[in-house]
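Each in structure tokens, the structures are laid out below.
Next come two complexes built around subunit A: one with subunit B, the other with subunit C.
Presenting the complex of A and B:
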């Protein structure tokens, strides 16, 4: 669900410019000649980024005479179903926009080109953590060019903090402080959080999520984490809907000022400004709460299916779309960040201009250098649901924290097979 | 007039082709897949009755089956009775009755998603209903966060949505009830309640059976109401999941277990077929009496 919000955010930011020129060369395309027609499928980039994507395509076609790129944009709703139908029929587009958790099942089924084999020199052009996100853990091989990244600060509602007698300038910096402050807020019948922890939150807490081809988040630290949430839930520090809702639902509750704290991204700040001005007037921005020192990162990439009849061209285009120059231009249009090793040093990501937007952007860009995509690529939608359901049972006291996590891990490991 | 023997088939061909491609073939495919371990990305080995054995041992299946049956029991009687009462009121020719008929029918044509969102906002822990309850001195009711109340809330939405549709069917049927029967009953001294039970209800019995069958099938296949009210989660701990929600949850996405989802669909189909057959048989038996 985080993926959807991330993209919805991307789709909502207006386009500020167009027209691009490329720099990558024909030799970067692995084996084969870069020519002929390919299809490029994106996720919900029309109409906001039509000019940008067309500009990239024009530049590529100019650079590689004899190539034609047909762009197909799919709306976010039904994107998964479309990829599924195409993958089942063996007719995936030549270049396809997928996040890591979508590339994983395709790569596992042997449907994607391994970039580590086809383009041995590409790895160095991208941030190590972004490249790793498209690898199959334990088996190696990279199955997608990292594209745009995002990470975010924690937003909190200063007015609600004040109402509970908390210092609005001292938001929680770790999970212990989160619990302490949440319990204080709960005394005044104010909920701190809008959802139970996601798998990424377990990662941020320092829980070992996956080891030796198995999920392991039922380790003692995981149990301790769930017990923390249980204490907060019992005190009323989580809204009742936390048991059933996802990231998007929790974000809406924060916007409605029903919860005091929520993770977010640079895009959300703009949304608060326009859609929730009274919240924006009281918004506090702080660093992500993490026990590991590394923030969470969301990312998208582009993959090339093995079924592509024009693999060399598809690989060249995938690399071109995700090169530093094109990514930086894209990042300036939307509230996202480049995944290339060179793009991040652009002054746009390093210099503040006094606005909140720039402050969030610079902080996020800094954060991204060490950020981790905590969600294991193996963690499917069914597993997310299993975790949510087991956590609900733990919060309601139907199961102990240990039992709920054991059951969640067993189900996830069963689904892994 | 004579025609070549294949001429009717030529007229039927477009419809048959669509039916074959989008109904018959997927249905047969579902039956085959139910006996495999197929995933969304194709493949799948024949696994015999493994999926059905797993189903029998799967607590989620039993929770979903129980909820679907509860749904059936909760939704069918009101949907057989309430639209009839509304139809009898809406049948009266009084000024402005068209507005009432339209009002009752509006939920039928409204999108399921829109209806779901409206009710979510109404029944949310901070929604309109709870705000009114609190303003009146009560405590907030967990309509959407308690598995039992969530199921009941969904049933109410299903009933609310279905009222108009079944009301229209009853209106058509009521127009066909012979007036002389009512007049004869009145001459015999029957009051309105007696006439309702002794004249209206027997005349409408075939329609009532039809509505019972339709609402039973729709109730057993419920998805959108409970999906939207629970934010797609099936309630806390998935305790309000229905069979169709379970099928969707198991089979969706690239990691979906299509084989198991097909087996669940096959079981759902058999149950629905059974329900229809029972209804038809009951109707036939009463016809013979």
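Presenting the complex of A and C:
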């Protein structure tokens, strides 16, 4: 349901771009008075973080007398469809919370304010890798204030490791060990993984994903990676549902103790504690597996559409929400990480207090300094689907690994146009 | 022996159809600290506090009231509008009647997602975005219901109506006095379908509405799935709350429902 609507939305964006070209030339970004009313739309933060967001809004309104910020929060389900519908109608809120893969199509259609142009001094306040995530690759220009970041460790199930005769204190540290241990687990009919690799996993393996405006993950290294998965799949190291599973579904399988290993986030520990206590008792935590030395990261940002009638206030508010002080506060509350250049220096992210939570947090914060958002911003939901299908064909042996990747890359390049 | 096998078959189908629902219910009454994902059917520490917690987390009653309003209006407009359209297609003679029926039938084939954006633009043009009217309007007379009722009207023997014409009844009188009473069963089906459809609809209200006070229950309950944290027990309790009215409605109208399904199936 969600997926199909996103496609419909994407298809509509170029139309919207045309419709708005008239307004974009008249807008003088960033120079106006900071006053008047704006609307701020967030991605599923109510009701858990209601107090926090209201606090930020109050502080902003106090700092800039005469401003009113109206907050709307949208559920995560259907968020893309909602934004795309608003975009094509030219009725986007003044400040919107978007991840890079959503800001990209909007920016490409000329719908978002370019921060590199309108706020030249903002760049230095944020981490370089976070700022880059909101640029249009190859063209420059940044189209969103980086907001919160996330990266995380790998969780594994020590009990399942023990059952298969593996040392529960020696989780895999590279892809070779991952395969070896997965095959051992498979001998005891225990599955290691709940998902076929995502595009970010290819990145972690060191595969070149995108170059010269084209997807390139069918290079030899990519093929080698898929062959690794094929061997594991044949041995039964992936659960059968893995072929169609998304990240959330795979996470649920790990909590149901049907898979032995799963990438996760700092906030997952709390979830394990309440929803899967018998897993929590046996939880192992280790570093993410990567061939490049950099872990994967996810991020969210805040963009200002050109259609906003009050860009000056919107930009000021976007910058305010994502400033160091507000981000650190939010990060502590939600077990995520700030994207400001100084945010990670807070002792909260650098000192351990002996608890698992703190250990995961400090490790993840360290990891973030070099982390990369591997998923290319051009990689749309439709492309994700294409890759998933081709990988399923490869796992089932309907196609060779090379053939499946070639087909996936061709499809993605076709969708790129 | 044969009987035992038959019952075994029936029981297994019962388990398949009711199992997931029961599972959800069991999850919703599990206390904190219990495994939610592992097959552990019976809660160790059953509690109804999750239901109260749902109401604390989101204004469930406001959402439910909005949903109820939207669904009720939908039932009325569908029963009335679809009956009138269906009667016209089945009984009135006018040029292009066939074509109209075909257009109705083919519109069922267009997936809603394909027209989502254009529909939204229309609503915006009408100034109905962020209103409950905007939520109701696109589904107010569903093509499927029109066809259901058309078939039901066709099942009514033409002779009856001819007799009414001889007695001097005009189209309206034939419609209200003769045709409508004879398709009660199908009307119940249409009412149930339109209630269910609008009660369960997620995407359209989500796209149209922006203010939380106007949200319908399905969107409101999506708030239980937070970005970073979600409590599976609350989600389960929320879904049970959402599905309860549907079950009650079905049980109440069950008798008519099955009669109506049969009624529409026989063509005149």
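Note that the second predicted complex is superposed on the first by the 387 of 417 C-alpha atoms of A that agree within 3 Å, B and C clash if a C-alpha of one lies under 4 Å from a C-alpha of the other, contacts with A are read in each partner's own complex, and residues count from 1 in each chain.
Note that in this section a residue touches a chain if its C-beta (ideal position, glycine included) is under 8 Å from a C-beta of that chain, and two chains touch if they have at least 3 such contacts.
Bear in mind that the values here come from a model prediction, so they are computed numbers and not experimental data.
**Student:** Please work out whether A:396 is in contact with subunit B alone, subunit C alone, both, or neither, and reply first, second, both or neither.
**Tutor:** The answer is first: A:396 touches subunit B but not subunit C.
**Student:** With both complexes overlaid on chain A, does A:256 touch subunit B (first), subunit C (second), both or neither?
**Tutor:** A:256: touches subunit B and subunit C.
**Student:** Taking the superposition on A as described, I'd like to know which of subunit B and subunit C A:48 touches: first, second, both or neither.
**Tutor:** Only subunit C; A:48 stays clear of subunit B.
**Student:** For A:84, is the partner it touches subunit B (first), subunit C (second), both, or none of the two (neither)?
**Tutor:** Both subunit B and subunit C are touched by A:84.
**Student:** With both complexes superposed on chain A, which partner does A:72 reach: first (subunit B), second (subunit C), both or neither?
**Tutor:** second
**Student:** Is A:281 in contact with subunit B, with subunit C, with both, or with neither (first, second, both, neither)?
**Tutor:** In the superposition, A:281 contacts neither subunit B nor subunit C.
**Student:** Touching A:243 in the superposition: subunit B (first), subunit C (second), both, neither?
**Tutor:** A:243 sits against subunit B, while subunit C stays out of touch.
**Student:** May I ask you to name which of subunit B and subunit C touches more residues of subunit A?
**Tutor:** After superposition, C is the partner touching more of subunit A.
**Student:** By the touch definition above, which subunit A residues appear in both interfaces, subunit B in one complex and subunit C in the other?
**Tutor:** 84, 88, 256
**Student:** Could you please specify the touching residues of subunit A with respect to subunit B in the complex?
**Tutor:** Per the stated touch rule, the residues are 80, 83-84, 87-88, 102, 105-106, 109, 111, 239-241, 243-246, 249, 256, 258, 380-382, 385, 388-390, 392-393, 395-396, 398, 415.
**Student:** What does subunit B use to touch subunit A in their complex?
**Tutor:** 40-42, 124-126, 142, 144-145, 230-238, 249-250, 252-257
**Student:** What does subunit C use to touch subunit A in their complex?
**Tutor:** Residues 32-39, 57-58, 111, 113-114, 116-117, 120-121, 124, 129, 202-203, 206-207, 210-212, 219, 222-223, 225-232 of subunit C touch subunit A in their complex.
**Student:** Note which residues of subunit A are touching subunit C in the complex, please.
**Tutor:** 1, 4-5, 7-9, 12, 43-48, 72-78, 81-82, 84-85, 88-89, 91, 252, 255-257, 265, 267, 270-271, 274-279, 334-336
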